[in-house]
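Structures for review follow.
Below, chain A partners chain B and then partners chain C, in two separate complexes.
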Partner chain A sequence: MAEPVSHVTAQMPRAKLAGLLLFFLGPAVVIYTLFSIYPLVATMALSTYTSDTSGARSFVGLANFQTLLGDALWSKPFWNALGNNLIFFVVHMCVQNPVGIALAGLLSLPGVRLKGFYRTVMFLPTMLSVVIVGFSWNLILSPLWGVASGALKAVGLGSLFAPWLGLESSALVTLSLISVWQFVGIPMMLIYAALLNIPEELIDAARVDGLGQFRIFFHIKLPLVLPTISLVSVLTFVANFNAFDLIYSVKGALAGPNFATDILGTFFYRTFFGNQLQLGNPTMGAAVATVMFFIILLGLCLYLFLVQRRIRRYAF
Partner chain B sequence: MANLSIEHLNKRYGATTVLNDVNLSIEDGEFVVLVGPSGCGKSTLLRMIAGLDGASGGDIHIAGKLVNTLAPAERGIAMVFQSYALYPHMNVRKNMTFGLKFTGVPPTERERRVTEAARMLRLEELLERYPRDLSGGQRQRVAIGRAIVREPEVFLFDEPLSNLDAALRVSTRVEIANLHRLLKSTIVYVTHDQVEAMTLADRIVVMNKGCIEQVGKPLDLYYEPANLFVAGFIGSPAMNFFEAEVEGIEGGRARVTGAAFRTLDISAASLKVGDRLTVGVRPEHLVRGEAGAFTAEGIVELVERLGEASFAYLRRVDGKMFVAEVRGRQTPAPGETVTLVAASPDVHVFDASGLRVATETR
Partner chain C sequence: MRRTFKAGLGAEVAALALLAGLASAQAGSLKIESWRNDDADIWNSKIIPAFNKHYPDIKIEFAPSAPKEYNAALNARLDGGTAGDLITCRPFDASLALYQKHQLDSVDAIKGMDNFSDVAKAAWQTDDGKTTFCVPIASVIAGFIYNKEAFAKVGVTEPKTLDELHAVLEKFKKDGTYVPLVMGTADQWEAATMGFQNIGPDYWKGEAGRANLIAGKEKLTDPQYVAAFKEIASWAPYLGSGFQAQTYADSQNLFSLGKGAIYAAGSWDISTFRGQAKFAMGAFPPPQPAGTTDCYISDHTDIAMGINAASKNKEDAKKFLEWLTTPEFATIYANALPGFFPLAKTPVKVEDDVAATMVGWRQTCKSTIRNSYQILSRGTPNLENELWNVSAQVVNGKLTPEAAGKQLQDGLDKWYKPAK
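The block that comes next holds the complex of A and B.
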């Protein structure tokens, strides 16, 4: 055993120490195992089986993965979903996070009135049910009765309107932007909290040094909240590659038009549970889920080894 | 280097007045220390000079120029903060040159200034280090260096030493004094440490509740406090106060009596019979004796021994306490009744409104 942590534990009888460990760590271990580790392992195990028409399962090793990545019937929708998911993520990174940072920066400016009001308003969509969000945006953007076309016409931009959600070319980006609209409050809040943590005197020092608010933001505040920004990016990555609900509530499981908005979540859903003519295939679904897990794991590892190590948190 | 003048400066936050009609004129090259109890508005005044806070009324001139509407960087000031406020993501060199970049100082000139400031503050070895790798004293020197390279007209310090330990505080204090001698710059320095104020200042400004109580040379404040507040604030332990009343006037001299001291005879033209007064005597001016210009008795309750001196806490006849400094190895024992006297120049008299009464005690 390693060095005793304290004299108290060092002098404890072994049984008592074990009891103590069990008391403090036990609940977490039990819950974590039951609801995280077990499902993960079970899913991975399931992905190595296949079931025949009678429902009997047999072990096939990595054959499911071979099918998924090799058989055009499976691989085409899979790569499509993965590509769409990447676009979904890129839109979030390029729109949600910069806008969140900008909003947080504005909120942290001295002398802004009604800060609490703006904060709440911008955080409100995050708390809405995704079904309501999907439904409202469906209505807003509807070419038949949506307010979007009318609103654009009113300001003389009627010609810009298109049924964005219905076009293969724009549906995915539109959905991504709806998701951005809904969740922009989260990066804003996290970064705002980090900005509040920067001591006032540091900002004063920068003002004495001749920096305006804009430069203070870019040269002082932004570098100091970089750790939070990178954390937000990771959260975005994980959330985006697990996303499902918005697409499902706006477009249904088929993620139309013509799978233009299909992401890994919806692809998994159809595979696992089936949809219309497609039969549910739990073992293949487990293979998709496992691949999703490894994609996220890979992303996190890249982040941890390439980004996290270079970022330094500053104590003030 | 420049003079600084503040006229009718006011600062209000809503209904609360933080600074109330502050007038102050600081000479070129003067080292002025602002002291006062916590919350009296010292930092606010300094920040207004710096331009970090706006004024609710009044004017500030630096080097003869009205700076009310100028941004901090345009005022020709540099400020050193209590928390050092170094940029944590820049090394020492960048911390010092960062501001210069934005005020259009060419790179070679920046380099020259940094080299010179680093030499002056013994920071040469530390230029590539980050603030997190510096000790408190080193950080404070960097903060001072960052101020120096700006080559300001006026240096502003807000309690720069209060985060340092006692020994470092003394050595940094000496450094700041040396720096002032070297740069001959105008300095406004906020502290609530009396020793810092007394040792560093050419003039001390004593503030209380947003008003200036007195401005003067350190020893003038000590020997001739303008009012009760300054008398009680300057000096440690604080001056002892005794309630008193004018009992009679004979030939231009007033007989002053009080419950806790023997009748005192002072010359004061302005006094009338029945005037309520406060008589103040500093602990260090009280010595054991039989009878003096001022004589008071007390029963020793407690003796604090500091080494070079001891402080005796005595219970007076009227039940209140007063303090006397005792020199030497023989200290009075608790319970002992002691008679203490003070010479006439060391007796301060204040009228009912707290203002000093010009006296000539005998």
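The block that comes next holds the complex of A and C.
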């Protein structure tokens, strides 16, 4: 029998071990530092500066954050963006993840035909460029030439059609649902993989005890994949609070109508890069990015301390 | 996702730096930064070869970015020292900021600058008007383009007043074949630029009103501004169904497919329509409100070109800018890009009939630029952004004209103190 790895490394000369560590970890550390840690620290540093018209920067401490959260000119759009972002997240949690779980549950049922086909088709939108997704849905929902109004009319629901993407009341939810459509493949795949890991014996035992597929799913399978579901929720949270591209490609940087679709990502973009006549303000933009980082950090901490620790894991 | 966004940006900047480095390594070569990626073909096949007839040794590369990303990309490249030698200048503050950061050189010494009027140069001058930092290239004119076949079919003629415009729109609505007025509010700027700024100058008397606004003698809550908003609000019943979700591209397609009668237009649309529309088109200037006699048009200075202060080849860059002031360039530009009108004093013959009609308005109406562009969009909240937002809302019926004026003025009052 081969020795456990820990024994091998313990017996290794120090220098050789260090060389080995450097070989395996070095590239990741370098890349991670260069493209992730350094930009993050640089962003935070930049957020404590301000620049004048000649482009010269001076240190102002936390003044940018005071303006962002204390001055109504900045705080109003900021809270609006945060609120919209929460709605964006809630729609994903309430639609994307349950649908993803349901699809995974259906795919893992014994005796489903064309499994590979369904799996691929449902995962396809995830691999499409956001620009294509935005463009296609813009066309589908277009009141001028979209198929949506015709399709609704065909089933007698023509009166329900509205220019959803253009109305203040529905634009954000519509965009959220487009995003759900695009990314539903990710929770589906992750949960599907977790479901496949459940030992057959457990399912067989349940079936011997007389449970139907429905109850097997809710009483046996679902509790066993809860850790994966919570992981999916965290991924959704991080992705949603960093979202930007879909809104930008469909509604532009002004995220209309009347900022109804403005989320933190578009707010950041507008602040940092500017828009039409609004000049970009990199230092203020960095402050927005830093606040976004802390919002996500806070969300992750809450998850780690309140949820992650209480989840029971089962080893098979 | 944020990390990848940043990393992506970093990689992009690095790649651009590499490309720029390779391009500028060549002696006697110039690179042009521009947002007019639609015109790349014309620059490469007409403008640059014409210049090379005079200066065969100067190699010019036209390197445009997408219009939406231009300002951000250009600033990143200028800060990183990788931008091209010649910079296409946005009007007013975006370029003024570049000059103040010493990223653009003064062009006052360029031969031929006296070929431009003060109004033409105003968009690229310091506030005191003493230094000009870009050579004006072209302006765009707002108005209405219409489908001549549709007008003949329904039996209407070009409206001269707003009352006549409403009568025409009503007729088209009754007829039902065409969308009476093509304009969407999804992209917001259409309502501001082709709505408010298009018909507005007749209300606020063009340059006089614009100057008064900057001087603080007029407010956006004054009746003339509210009346302009009232006018665009009254267009809603004549727009296509679901105009709230109609994008600019939708509007262009709707009209060029022959489904619309009147299109609230900028002259820059002409070249698009020439390529796509199969019917005869005409243009009429913004119809006048009742009781006004003088007419005004939005003749907006939009494009200029300056020299990157960090360029290694300023001598050749100056030669190119000098050539931009010549009638030869103006003629090529005006006819290759109908709808972009040269700003030089020497008149240029425009072949395209719609473009010729529009530029002809300069003889009968007084030109003015968009009132939100100079000085007034310098602070937070940004007047231009606000104008897009409220104009779209006014057309959507979500905001009253009075409330729109109040929101704009309140926003302006928060940071703008007119010089007494």
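Points to keep in mind about this one:
Note that the second predicted complex is superposed on the first by the 295 of 316 C-alpha atoms of A that agree within 3 Å, B and C clash if a C-alpha of one lies under 4 Å from a C-alpha of the other, contacts with A are read in each partner's own complex, and residues count from 1 in each chain.
Just so it is clear, contacts are C-beta pairs under 8 Å (C-beta built on N, C-alpha and C of every residue); 3 or more make two chains touch, one makes a residue touch a chain.
These numbers were taken from a predicted model, which means no experiment stands behind them.
With chain A as the common reference, the superposed partners chain B and chain C fit together side by side. Remark: in the superposition on chain A the angle formed at chain A by the CA centres of chain B and chain C amounts to 150 degrees, rounded in steps of 10. Put chain B and chain C next to each other and count what each touches on chain A; the higher total goes to C. Once chain A of one complex is fitted onto chain A of the other, the partner contacts of A:Leu114 are absent, as it touches neither chain B nor chain C.
Of the two partner chains, neither chain B nor chain C is touched by A:Met127.
After overlaying the two complexes on the shared chain, residue contacts for A:Trp74 are found with chain C alone; chain B is out of touch. Touch criterion not met for A:Val155: it reaches neither chain B nor chain C. Looking at the shared chain after the overlay, A:Ala239 reaches chain C, while chain B stays out of its contact range. Of all C-alpha pairs spanning chain B and chain C in the superposed arrangement, the closest lie 34 Å apart. No residue of chain A is contacted both by chain B in one complex and by chain C in the other.
Of all residues in chain A, only 35-36, 39-40, 43, 53-55, 73-74, 138, 141-144, 162-168, 238-239, 242-244, 251-254, 256-259, 273-280, 289, 292-293, 296 touch chain C in the complex they form. The touching residues of chain C, when paired with chain A in their complex, are 1-3, 5-7, 10, 68, 71-72, 75, 92-94, 97, 100-102, 184-189, 240-247, 250, 254, 372-373, 377, 380-385, 388-389, 392-393, 396, 398, 414.
Residues 47, 50-52, 71-74, 77-79, 81-83, 85-89, 98-99, 102-103, 132, 146, 150 of chain B are the ones touching chain A in the complex.
By the touch criterion given at the top, residues 199, 201-202, 204-211, 215, 219-220, 223-224, 312, 314-316 of chain A touch chain B in their complex.
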